[in-house]
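Heads up, the next two complexes both have subunit A, just with different partners, subunit B and then subunit C.
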Partner chain A sequence: MENYLLAMAVFAGCYALMALGLNLIFGLAGMINLGLVGFFAIGAYCSALLTVKLQVPLLLAWPAAILAASACGVGVALVTARLRGDYLAIVTLGFSEVIRLVASNEIWLTNGTDGISAIPAPGRGVLTPLLFNLQFMVIVWLAVGLAALLVARLSAAPFGRVLRAIREDDVIASVAGKPVLVFKLQAFAIGAGLMGAAGALYAHFNAYIAPDSFQPLVTIYVVLALTAGGTGTVRGAVLGAILVVALTEGTRFLGGVIPGLAPVQIAALREAIIGIVLILLLTYRPGGIIPERPRTHRLEVS
Partner chain B sequence: MTLRTSRRTALLGGLAAPFVSRLAVAQSGPIRLGTLTPQTGAGGPYGPAMVKVAQALVAEINAAGGVAGRRIELVNEDDETNPDAGVRAARKLIDVDKVSAIIGTWASAVTTAVAPLAWENKVMLFTVSGADSITRLPHQGYIIRTQPNTYLQSTTVGKYLASIGAKTVFALSAQTPFAVDSYNRIAEVLAQNGAKAVGDVIYDASKTSFRSEVDQALKTKPDALFLNSYTPDLAVILRELFRAGYDGKKLTYGYAANAKLLETVGADVAEGLISFAPSPDLGSPAYAKVKAILGSDPDPYSCQVHDHISLVALAIGKAGAATGLAIHDTVRGVGDAAGTKVTSAVDGLKLLAAGQKVNFEGASGPCKFTSAGDIEGCRFRFDVADKGKYRLLGLI
Partner chain C sequence: MSGDVPQLLINGLLAGTQLAVPAIGFTTIFAVLRFPSFAIASHATIGAYAGYLANVWLGLPAGVALLAAFVVAGLFGVASDEIALRRLRTSGPLTVAIASVALTIVLENLVRFGFGNDQRGYAVAVLRDWRVDLGVFGMVRIGPQQVHNAGAALVAMGVLFVFLGFTRTGKMMRAVADNPMLASLKGINADRVAQLANFIGMGLAGFGGMLVAMDTAVDPLTGFRVMLSIFAAAVVGGLGSIPGAVLGAFVVGVGEELSIVVLDPTYRTAVGFLAILVVLSFRPRGLLGERAV
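For the complex of A and B:
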């Protein structure tokens, strides 16, 4: 059981990293990004390919994965600079599907739909599975801690203030003299980098990745995590990620609780419960569990 | 000599008691096995029947007294036909439910993702996935596959195409892990039999039109087309071939040429489509049992799950222990050619209990495996679409 919980904590950590990245892009800067699984995939493939094909050490492969995802983030942000709302959502969704299709078709590089297996990780096969999971859980949550600190600092800094201004109205922000495009690029670069980091950690923990691991469902889960936790808040992003993994995994234990149901009915019930809980949550707490507090500055009246 | 119980030994005994009883429970408690099948997603049409067969068989074994006096307890998980979800479900089966074998992984990507967990935790993995790459993994014998691999299937296809007089063959293949391997092997076999593979197009199955692919294929004027497709894309391709007036031979996999396909495209478009599938052993009592459990003609995967459960039960019966390692060590010994032929786990367990050897032959045929874990041989059935119905051409 401990072993399983630790593994789930690792997955929750990966989701939390992605939710933090999304918090910067969508929560603060207001750019709807439905392509985050694409950045996740780039991070995963980059780190996996570097370590498996070129035997690059992990400590170099992980930063490389973050940089690669970041660079793609800048690329996507440049291409979509003039898009907003639904249009941005569609284009980013398309981006992540393109990444997945490239991964399934460029067989010479990615091994196609066979995927990449035997991705190394420190201690795999040497440590007991329990210790290995524990070690990885610590690594992932240290990364989450660092990322949370980074996003919180950025959010409180003048940088975060400009992003929020862009979210509310980018015309006003540019009238106020803020280079909107530069800020958008920076938000995308940092956010995509965090998603790439999540991908790299995920690939090395799982030891196997395939294009099928990067379906749009992951994007949906992370967007749900952020909206359920509280868009625009760091604690909300992390809490939401834990909630989503707890929901999807916790419902597995229904089979043991409700007797007389066929597995296919339990599978359907699981999906229904996950949906209902999230609908209820967003109906009664539209701002998420930890809603963003409006930041007001009291003017000193002399 | 008299045996006196001092307070000290009584105390020691008392302290040891919980450990002794726990040990006793571990040896007499239920044997836990997991199924990991697709209940939702692309494999959704197959998973429910697979679990139903597994549950019925376990109930039968338990009713007959279980394995070595122990009941089998089945834990069923949904892999959602997705490697990510599959891994999490497998972790639950291994770490929480402590199963000694995982049965029924269907999609190749799920099997490949779950496999490392199986061998790292010494849990046996029984799969119905077809991708050749699976048994090439460094699995130390922890994978047993009852589905004939691409190599075996493609060899059969190549020989069959040559035998029906196709001199040139063009392949249209959906992008799958086995598309390339499959074409290469067919080309090899055709060449050995005086025929020729003239080309291959690998396409994205989610497209809605395949006109350019079909044009490319027909330009070579092939005697036969090998359609390595799934049902939805096959339907589109068949319509386009019909429109183009193609009258050569068409061969596809049995899982693509199902009742749904006939419903979708109609009798005229499907006419003459030959489909082949690894065939269960249609005359076997085990096959009849699976058919009775499901109330209809079973698909090959349900038959294979029947064999998985039987193999596990027999292996545990033979080993006298229910760990993954014990199954790993004895599973090949229950298809012993020198033993008595049995088609049901219950009969086999009785023989094993009497100290005899058994030769298990299941619903999908003889269960003999290579050192890599692949099934050594199996039968294939060929059907042809004839006026809106499938007609059995023969078994090979």
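For the complex of A and C:
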């Protein structure tokens, strides 16, 4: 049971990292990204391939994974930065599907749908499973802490103010002399980097990745996490990620509650519940549990 | 390889004719409701299953089953919009788009809950390909099923054309798509038109979903597999433009087939994505559409 809870904490941490990334791209800069699982996949595959095929040490593979996801983020942003939100939604979703297609078909590199197994992690096989999970949980949540600090600082800094201005009206932001494109690229680069980091951590913890691990459903989980917690807030992103894992794992026990269901029916119900919760939240609690406070500035008169 | 080009062109044109139907559905909903509905995927699947029930369980001929696919998917479209999306419209198109992704996951899983993941097929006769001699271009093979499907697609498009062009309700719909403010000043009920757009749009998605499933198989992911091609057709043609969706469907259909000359066939769906990127980079409003930036 402790093992299971720790593993869930690791997964929650991965979602939290992605939600923080999405918070920069969507929450602050207002650019919808329905393809974030693509960046997650790039981070996972990059780090897994480097360590499994080239025996690159983890301490190099993880930054490489972040850089790779970041670079792809800049690429996607360059192509889409000028587009209206509805087009952006379509293009980013298409991007993640193409990534999955490449992962399934470039068998020489990715083993195709068989996936990559035996991805190394520090201490695996040496530590007891409990200690291993505990250690990985600490690593992941340290990463979440760092990322939360980074996003909170960026959000409070002039950088975050410009992103919010772009979200509200990018024409006004550019009239005010802000290089909108550069800011959008930076937001996408950092956000995608965080998603790549989540992917790398996930791959090494899970020891196995395959194209099926990167379904669009993961994107919905993260959008749900951010929406539940509160779009635009750092604490909301982290809290939302924990809630999503609690929800997906809690519904795992549906089979015990409703007798006579086939496993495929239980799986279908669980996915449907995620969708229903997201729609309900968007309808009744669009600001999330921790809504973003409007920022006002008082002038101190001395 | 280049000797296959006439064959691939014919395949592409037939595939494009089929693809045009759900692409028109997607673009119609966009034209009236101003958001990209990702729920198009699950409604295509629902249409495929409705047609399956009519065709296999009730023993109706494929033509009647296609009608059932249209009506059932259309009704699902109106109901799901009413229940899940309508109240979100005031929160902006992005929120509705996100909710439509959630909606498509819910509906797809309802189908999975009822029918499982098994692949199913329709009760239609498997006919031998026709062989046609094109002289200098060599022999081409044409599948009768594809021709029937393309014929059904053309009929659906013809009916829609007459409806939008010559009936009062059709003209109302176009007026709302063109200028919602002016349309409401003229006393056109926007809610009614939105329901109609959902019925027609999702109905066409269901119709197209069954066409695609007749070519491949019926399973809960039938619609999702063609979603990217549908988006590509609509975006290439210009979101919100019905002639654009038809043109885009031909571009994407032919492009996907011709790509086999240079790409592995498994990358077919990536062609649609590539087409989106190329068109948006050089002509952001699509071939026949409005502005995208």
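Note that the second predicted complex is superposed on the first by the 267 of 302 C-alpha atoms of A that agree within 3 Å, B and C clash if a C-alpha of one lies under 4 Å from a C-alpha of the other, contacts with A are read in each partner's own complex, and residues count from 1 in each chain.
FYI, contacts are C-beta pairs under 8 Å (C-beta built on N, C-alpha and C of every residue); 3 or more make two chains touch, one makes a residue touch a chain.
Not measured: the values here are computed from a predicted model.
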* For A:R164, select first, second, both or neither according to whether it touches subunit B, subunit C, the two together, or no partner. => neither
* Asked: Between subunit B (first) and subunit C (second), which does A:L269 come into contact with in this model arrangement: first, second, both, or neither?
  -> second
* **First (subunit B), second (subunit C), both or neither touched by A:R252** => first
* Between subunit B (first) and subunit C (second), which does A:T283 come into contact with in this model arrangement: first, second, both, or neither? -> second
* To do: Have a look at where A:L217 lands relative to subunit B and subunit C in the superposition and call it first, second, both or neither.
  => both
* To do: Determine, under the contact definition given at the top, whether A:H204 touches first (subunit B), second (subunit C), both, or neither.
  => neither
* Identify the partner contact of A:L101: answer first if only subunit B is touched, second if only subunit C is, both if each is, neither if none is. => both
* Taking the superposition as given, does A:K178 touch the first partner, subunit B, the second, subunit C, both, or neither? -> neither
* Check the residue A:V79 against both partner chains and state whether it touches subunit B (first), subunit C (second), both, or neither. => second
* To do: Show which residues of subunit A both subunit B and subunit C reach, each in its own complex.
  => 101, 104-105, 217, 262, 264, 267-268, 271
* subunit A residues touching subunit B - in the complex, by the definition given at the top -> 1-4, 7-8, 11, 101, 104-105, 107, 112-115, 117-118, 125, 129, 206-208, 210, 212-213, 215, 217-218, 248-249, 252, 255, 262-264, 266-268, 270-271
* To do: Please give the residue numbers of subunit B that touch subunit A in the complex, ascending.
  => 35, 37, 39-40, 44, 47-48, 51-52, 75-78, 80, 82-84, 87-89, 91-92, 94-96, 107-109, 112-113, 115-116, 120-121, 131, 133, 137-138, 175-177, 180, 204
* Asked: Quick one: in the complex, what on subunit A touches subunit C?
  -> 32, 34, 79-80, 82-87, 89-91, 93-95, 97-98, 101, 104-105, 216-217, 219-220, 223-224, 227, 262, 264-265, 267-269, 271-272, 274-276, 278-279, 282-283, 286
* **Interface residues, subunit C side, partner subunit A - complex** => 30, 34-36, 38, 84, 87-88, 91, 93-95, 97-99, 101-106, 108-110, 112-113, 116-117, 228, 231-232, 235, 239, 264, 266-267, 269-270, 272-273, 276-277, 280-281, 284, 292-293
